[in-house]
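I have a structure I would like to understand better, so I am pasting it below and will then ask my questions one at a time.
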Amino acid sequence: MCAIFGIVDHHEASSLCYLGLHSLQHRGQEGAGIVSTDGSEPFAYRKKGHVSEVFSSGTLHRLKGTAAIGHTRYSTTGANTMANLQPLLMKSGLGWVAVSHNGNLINAPTITANLEKQGSIFQSTNDTEVIIHLMARSGQQEISEALIHALKLVEGAYSLLVLSRESLIAVRDPYGFRPLITGTLNGSRVFASESCAFDLIGAKYEREIEPGEMMIVPFNRPKGLKSLFPFEKKERKRCVFEYIYLARPDSLLFGENVHEMRKALGRKLAKEQPAPDAEVVLPVPDSGVAAAIGFAEESKIPFDMGIIRSHYIGRTFIEPRQSTRDVGVRLKLNAVGPTLKNKSIVVVDDSVVRGTTSRKIMKMLREAGARKIHFRVSAPPTTHSCFYGIDTPTRQELLASSSAIEAVRQFIGCDTIGYLSLEGLMEVAENKAGKGFCHACFSGKYPTESTG
Amino acid sequence: MCAIFGIVDHHEASSLCYLGLHSLQHRGQEGAGIVSTDGSEPFAYRKKGHVSEVFSSGTLHRLKGTAAIGHTRYSTTGANTMANLQPLLMKSGLGWVAVSHNGNLINAPTITANLEKQGSIFQSTNDTEVIIHLMARSGQQEISEALIHALKLVEGAYSLLVLSRESLIAVRDPYGFRPLITGTLNGSRVFASESCAFDLIGAKYEREIEPGEMMIVPFNRPKGLKSLFPFEKKERKRCVFEYIYLARPDSLLFGENVHEMRKALGRKLAKEQPAPDAEVVLPVPDSGVAAAIGFAEESKIPFDMGIIRSHYIGRTFIEPRQSTRDVGVRLKLNAVGPTLKNKSIVVVDDSVVRGTTSRKIMKMLREAGARKIHFRVSAPPTTHSCFYGIDTPTRQELLASSSAIEAVRQFIGCDTIGYLSLEGLMEVAENKAGKGFCHACFSGKYPTESTG
Amino acid sequence: MCAIFGIVDHHEASSLCYLGLHSLQHRGQEGAGIVSTDGSEPFAYRKKGHVSEVFSSGTLHRLKGTAAIGHTRYSTTGANTMANLQPLLMKSGLGWVAVSHNGNLINAPTITANLEKQGSIFQSTNDTEVIIHLMARSGQQEISEALIHALKLVEGAYSLLVLSRESLIAVRDPYGFRPLITGTLNGSRVFASESCAFDLIGAKYEREIEPGEMMIVPFNRPKGLKSLFPFEKKERKRCVFEYIYLARPDSLLFGENVHEMRKALGRKLAKEQPAPDAEVVLPVPDSGVAAAIGFAEESKIPFDMGIIRSHYIGRTFIEPRQSTRDVGVRLKLNAVGPTLKNKSIVVVDDSVVRGTTSRKIMKMLREAGARKIHFRVSAPPTTHSCFYGIDTPTRQELLASSSAIEAVRQFIGCDTIGYLSLEGLMEVAENKAGKGFCHACFSGKYPTESTG
Amino acid sequence: MCAIFGIVDHHEASSLCYLGLHSLQHRGQEGAGIVSTDGSEPFAYRKKGHVSEVFSSGTLHRLKGTAAIGHTRYSTTGANTMANLQPLLMKSGLGWVAVSHNGNLINAPTITANLEKQGSIFQSTNDTEVIIHLMARSGQQEISEALIHALKLVEGAYSLLVLSRESLIAVRDPYGFRPLITGTLNGSRVFASESCAFDLIGAKYEREIEPGEMMIVPFNRPKGLKSLFPFEKKERKRCVFEYIYLARPDSLLFGENVHEMRKALGRKLAKEQPAPDAEVVLPVPDSGVAAAIGFAEESKIPFDMGIIRSHYIGRTFIEPRQSTRDVGVRLKLNAVGPTLKNKSIVVVDDSVVRGTTSRKIMKMLREAGARKIHFRVSAPPTTHSCFYGIDTPTRQELLASSSAIEAVRQFIGCDTIGYLSLEGLMEVAENKAGKGFCHACFSGKYPTESTG
């Protein structure tokens, strides 16, 4: 998971790009970057760290020009090194090209090996670099033609912003795995992964970039944008996990609000997996809050914030050597004893991956006095790895990939456990946002032929 | 507001002190420090920044010994300079003494002036240093005697931890303005401002240090602690604002849980200031969440998280020069449009100081589509400055100190506004936690004769 | 000008490489780097700054393996950015290759343009990268074959160390513009730009790598090294400016000691340009010291250190805004008044480039009381730019390129001025070190056909 | 050893103070600081490191006002902590006072103990703080009266600059151990440890502050300065080691030029300790250069720079773990083999303290091929510790304190060794600069009664 943001035709392009990335920080915390241009030279800055640490006012000042693209990185392919931070900026016979990419290209290793045999030299271990090499070798003179040529050769998930001296191009792969939206800010064209970026800068949401669409904004006529559909059409396969966990609740995503979607999942969960004897519904904050509100609404059991989340978690933390306590999870979360003491409680979380954190939370709730714990998850069991840009662990590490439901319950340490069914999930999602979702992480049904 | 933490007779004293400060980070973010001792030399480290940034494992390793006190600073008296970070560590004829202080000494400037006339030289502009100078000039040989001598000369609020080569001493002023609790961790004695620090390290809560109590833990017999009441007895005046805003919801404070207290204030608020036509109750996160839950419960209006708080606010933030938008507040908070669009909403916050943030939130909610806004505050109007350790602005800056309620409503920009009454507040607080509160910030009734 | 160092078959390869670079610091202060290998993976570290700042013991510890090459950079081609620091480390179909380069490739821009047309993508603006791209496209399987193929296509100056998973290769261009020597350290093979690096680590000097020679040290048989001469033979053209200014006085360079060479130049200068009335000979420290000693010896005029050089010049320096004084040069140099007051003095410097510093020194000496100043330069007037790796200014900036000798004297502000003649220089240099020098910066006679 | 600098009545006071400290860097490299004032508030900045690293243009900009004092620290008394950096700035009943001190107060520990008994609290372990405490307790209203009161109670070496809101005061102890001079810069009054600071900023040297003199420059009438002699008169005892090693060669010190003094010592040394068979005289650079020139002049043996000093010694240096080589000394110094091979050489150094570096140099020269080494030292054997501000080791560590001359020679590893005699030293120094020197480090004759 990563975030991308772009803006054309604005005299504070890099500052607005910075703000956009700030609001998309949840999609990637390892590093961030911006490339801007005045229509001639590119200006670039990339660094590890959070957006607010990466950029200073001096840095932004040096990112000149009226067009800019940005990226926040959450490592998927490629090790976490400086060279892998995006936007990638490279010079070839086509001139310079900068690329921000959200997604993952399944056949990148094969293409890289082939190009190296022909004398190409790769800078990074980043799958995105493949696109630029394919463009450089396309024989095309136009950036857009070279890009179409390159993208026809890659397979996988990509929402892309491509900046050059002449245009900003936005593209979304034919499956539409990852989101990409466009809008306007006082007449300037903007692009972002999620609409919360538009809210922050005051931009007006217009629409999604469609799966398979390429939108070209030429700098000499920024309002004269062109929309193409140069690729073979596919059935759309939007990532349902964006709704469940990835996106910010205040965002419009695939056309629907995330918070309301999550509440609906919570209501469905309450119908499928009720907990009739429970006295209070508690979310695991913050990701479980919306589903817990929906669960409480449907079940008529009172909602309460019986688990408190701390806002002061630093990046590093030093644990006492001989402590017998799970200090890690308690630094972030703590139970409010009097709120749950001697009660039968429902605890709602959005998903379970490895299960180790859930297990620690249950232990904490027991120690705080909970009498009975009904653990409810507003998604199906996560059984398969994602090859389209989410950093899920290998199958071996996924708790639900091998364990029967009772074994999961025992490992986690709750009294009852209930997941939302895949059918329930799809019913809610399709009801609100229409057909066409990838649910491979729950079902193993991968839309692409190869899976890396 | 500041936090203090102390531990005696534990082989990982400084590591546990670090964890304790971590959990008390909400009480002071400007800087932190620890002084530890092996019963002979003191080891000190203080730095600006959050606890997780201040200390490294190397630093903690150098903070040797089995006793330690710590402090997180939120500037009250004295400019924000290195010299004002605590624990203060100073050497005098009594040997070295380290002090962590939560509170504010009203007569510190007078005492400082007098001592300077007699040739004393002050290092900091920190009121706490007065205590050490008074100790040094007491003529006493014993640390505890010197401390009693000094404290008899100061006036104001203090919860103190005093470390020397022979003991750790905990004291709370006779009014008991600020909290201070004690407990045990596998037999080691611990002290903290709030119980959430005990939860993190797994310590057992025992009781409050009483107003006017001095507890001495000698290193040679750490279980042979002594409790004294060396000061003139006063009516207790615990800070009610600790319940309203300062403390962490999961803490026991003055013997009662903070989250439950806030829910009770929300219920009382719903009775005093109902909003019958409202369709949904939204908290201003995170400080308004508990009261909003209470309000929703009492009023039977559904609770929802229609305002989202971002966790990625850096310390610095660069605003575009010509933006017309209030980016500052939107970086932290954003409205979930579909949740409140065209609705009559109740917005619950814990208190209003200057009113400028509330005004921006109302504007954001209007832009997101709220039809009608009932703003409800789970405390009375803040009309007076605090002289006992909270950094409230001067009276001129307090919105409610001069404005009539209708002017406040217009400034903030809501349709109706409702505060909890002082009587309502006191009824709820005294019902749960007994009599004896300072409410000077709401009433102007200062318990001490002078007010600085 | 840059420095290169390499070592094979030593268990502390990177530590010794670090020491070698330390002693070659005078050849490049902008940045430094080391790439080491265990015969499988490469380990790399590069940073701006002096060698002692670039590396920490932690960094060296992570540079594992028994072979390493290093580089200190003094920018010649390419802007001063991180990407241009060396050793360059790149991955191609040949596997990874690391290159340290001292020199300058004249036809690099042409080659780069051609390769970009064929789809190659360059990372840096560094001429050295051309070699790696040519290797990658050579169609060869062997690193050494690919390197020979590449070097046959480039023109200019290069002393190179090339590290791969199987060998370290040292090469010097057929003209031999820049130095490169080899030796042994307890049986391990070492390479360096100058012999002072061997003195520091205790290595034994063996011989120069000959112009046009390629020496291959395979890791599996480090003592079984091979020497080839794969290029068309050229007349050797060693850089005479290395003797005049660049090299360290304690180094053996092109087989002769630099300090002794400079003293000989000073003696020749005294014969060609005597100053019979002078009472004392003063060097401009440190670069003029050896020639001044030679001048004093030949002329029988006493030598003295009447100009003092400070050792505490930081990288940055803040000048008062309204000072009327040339503080810059005086921070570094100051005259010893009593040593030269009312005297006729000879001031000896090694060369004059722009002349602005010389002018400031003359002014300083006048203010200190010198009665008469005979300025003597132990090299001919610098009239042409260097295209073989020295960062001389453009011809327009060279004082002697356009000004007659009398104009130069007036500009600098001395009473008499005397340069060593080109014939005198060549006589001394060839006498000691044999025929075959490039003196294009003094004569404009460039050995290569093109000059960039 | 430390340096002090002060300036009054100049609109760029702190920038000139910075330059002055820059030129006095050789007197202390541990840290530096400046306190300036606009006649009302003090502005202070102190940090560890070299002057050029300590101050930025931003820092200097914040050091406002028209008067400033500065200090570079070379630790003598007190550990190397931030709190011990100078100028000390403290607030007392007299207002704020800042002090820069070069020297050492022998009875500081006794006074500190007494004052602590009376309730004073010390911030640092710095002897200078004693002066400020004595001033604060003097009962005087005037800064100058309080200062006189304080200085009458201390014993030892002090050249002081004292800044307050009303004046800058310069004082030198009655013995005049350490230097202190005054001059003018376009009418502004300046003070410095050595005259090289005046050369850099273009100030005019006027005279020494006399032993026992106090010069007061009131801000309201900066030209109306007053000179007092408030202390009991003593025989002057200027530090002869300043001439031998401490001061910069281009400085006027105690009225005489240091470089010329050192040449004279070298000439005397050649007379006392000739080396008739030697072929060349080599200095240990840089401190032995002047004496070597004098030695060569007197003995008619040619001078040469056969030992090269590197300018690129960083503060930290990482030695290979298993190196058998003395890399430390060789990083700084290297022999020029061809210059000394098979020769009988004279090596001149200014003094020998522990002898370990001399021993390493001899080893290096032998390895470079020297046939015979005559080691000559332009000072007597250092046999006693200094209590007046120079950081000499304890007597046990002084090579010459216990060893007979032959044992010293064997330890160092030269063929012959020759020191300048105490009589010879005194004859030269007194001839040029008049009577009145402290030579306790060579003779053990301490001028003060106690010696700490």
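General observations
Letters A, B, C and D mark the chains in the order given here, with residues in each chain numbered from 1 onward.
In the analysis below, a residue touches a chain if its C-beta (ideal position, glycine included) is under 8 Å from a C-beta of that chain, and two chains touch if they have at least 3 such contacts.
These figures come from a predicted structure and were not determined experimentally.
Steps from subunit B to subunit C, minimised over paths through touching chains, total 2. Note on interfaces A-B and B-D: more C-beta pairs are in contact across A-B.
Centroid distances built from C-alpha atoms place C farthest away from subunit B.
Subunit A and subunit D, compared by their mean Cα positions, are separated by 63 Å.
Averaging C-alpha coordinates per chain places the centre of subunit B 51 Å away from that of subunit D. One finds 37 Å separating the Cα centroids of subunit A and subunit B. Subunit C has no residue in contact with two or more other chains. Pairwise chain contacts present here: A-B, A-C, B-D, C-D [touch as defined].
Of all the residues in subunit A, the ones that touch subunit B in their complex are 11-12, 15-16, 18-19, 22-23, 25-26, 29, 50-53, 55-57, 60, 196, 199-202, 248-250, 257, 259-260, 263, 286, 289-290, 293, 297, 302-306, 308, 310-325, 327, 330-331, 334-339.
Interface residues of subunit B, counted against subunit D in their complex, comprise 90-93, 116-123, 132-133, 136-137.
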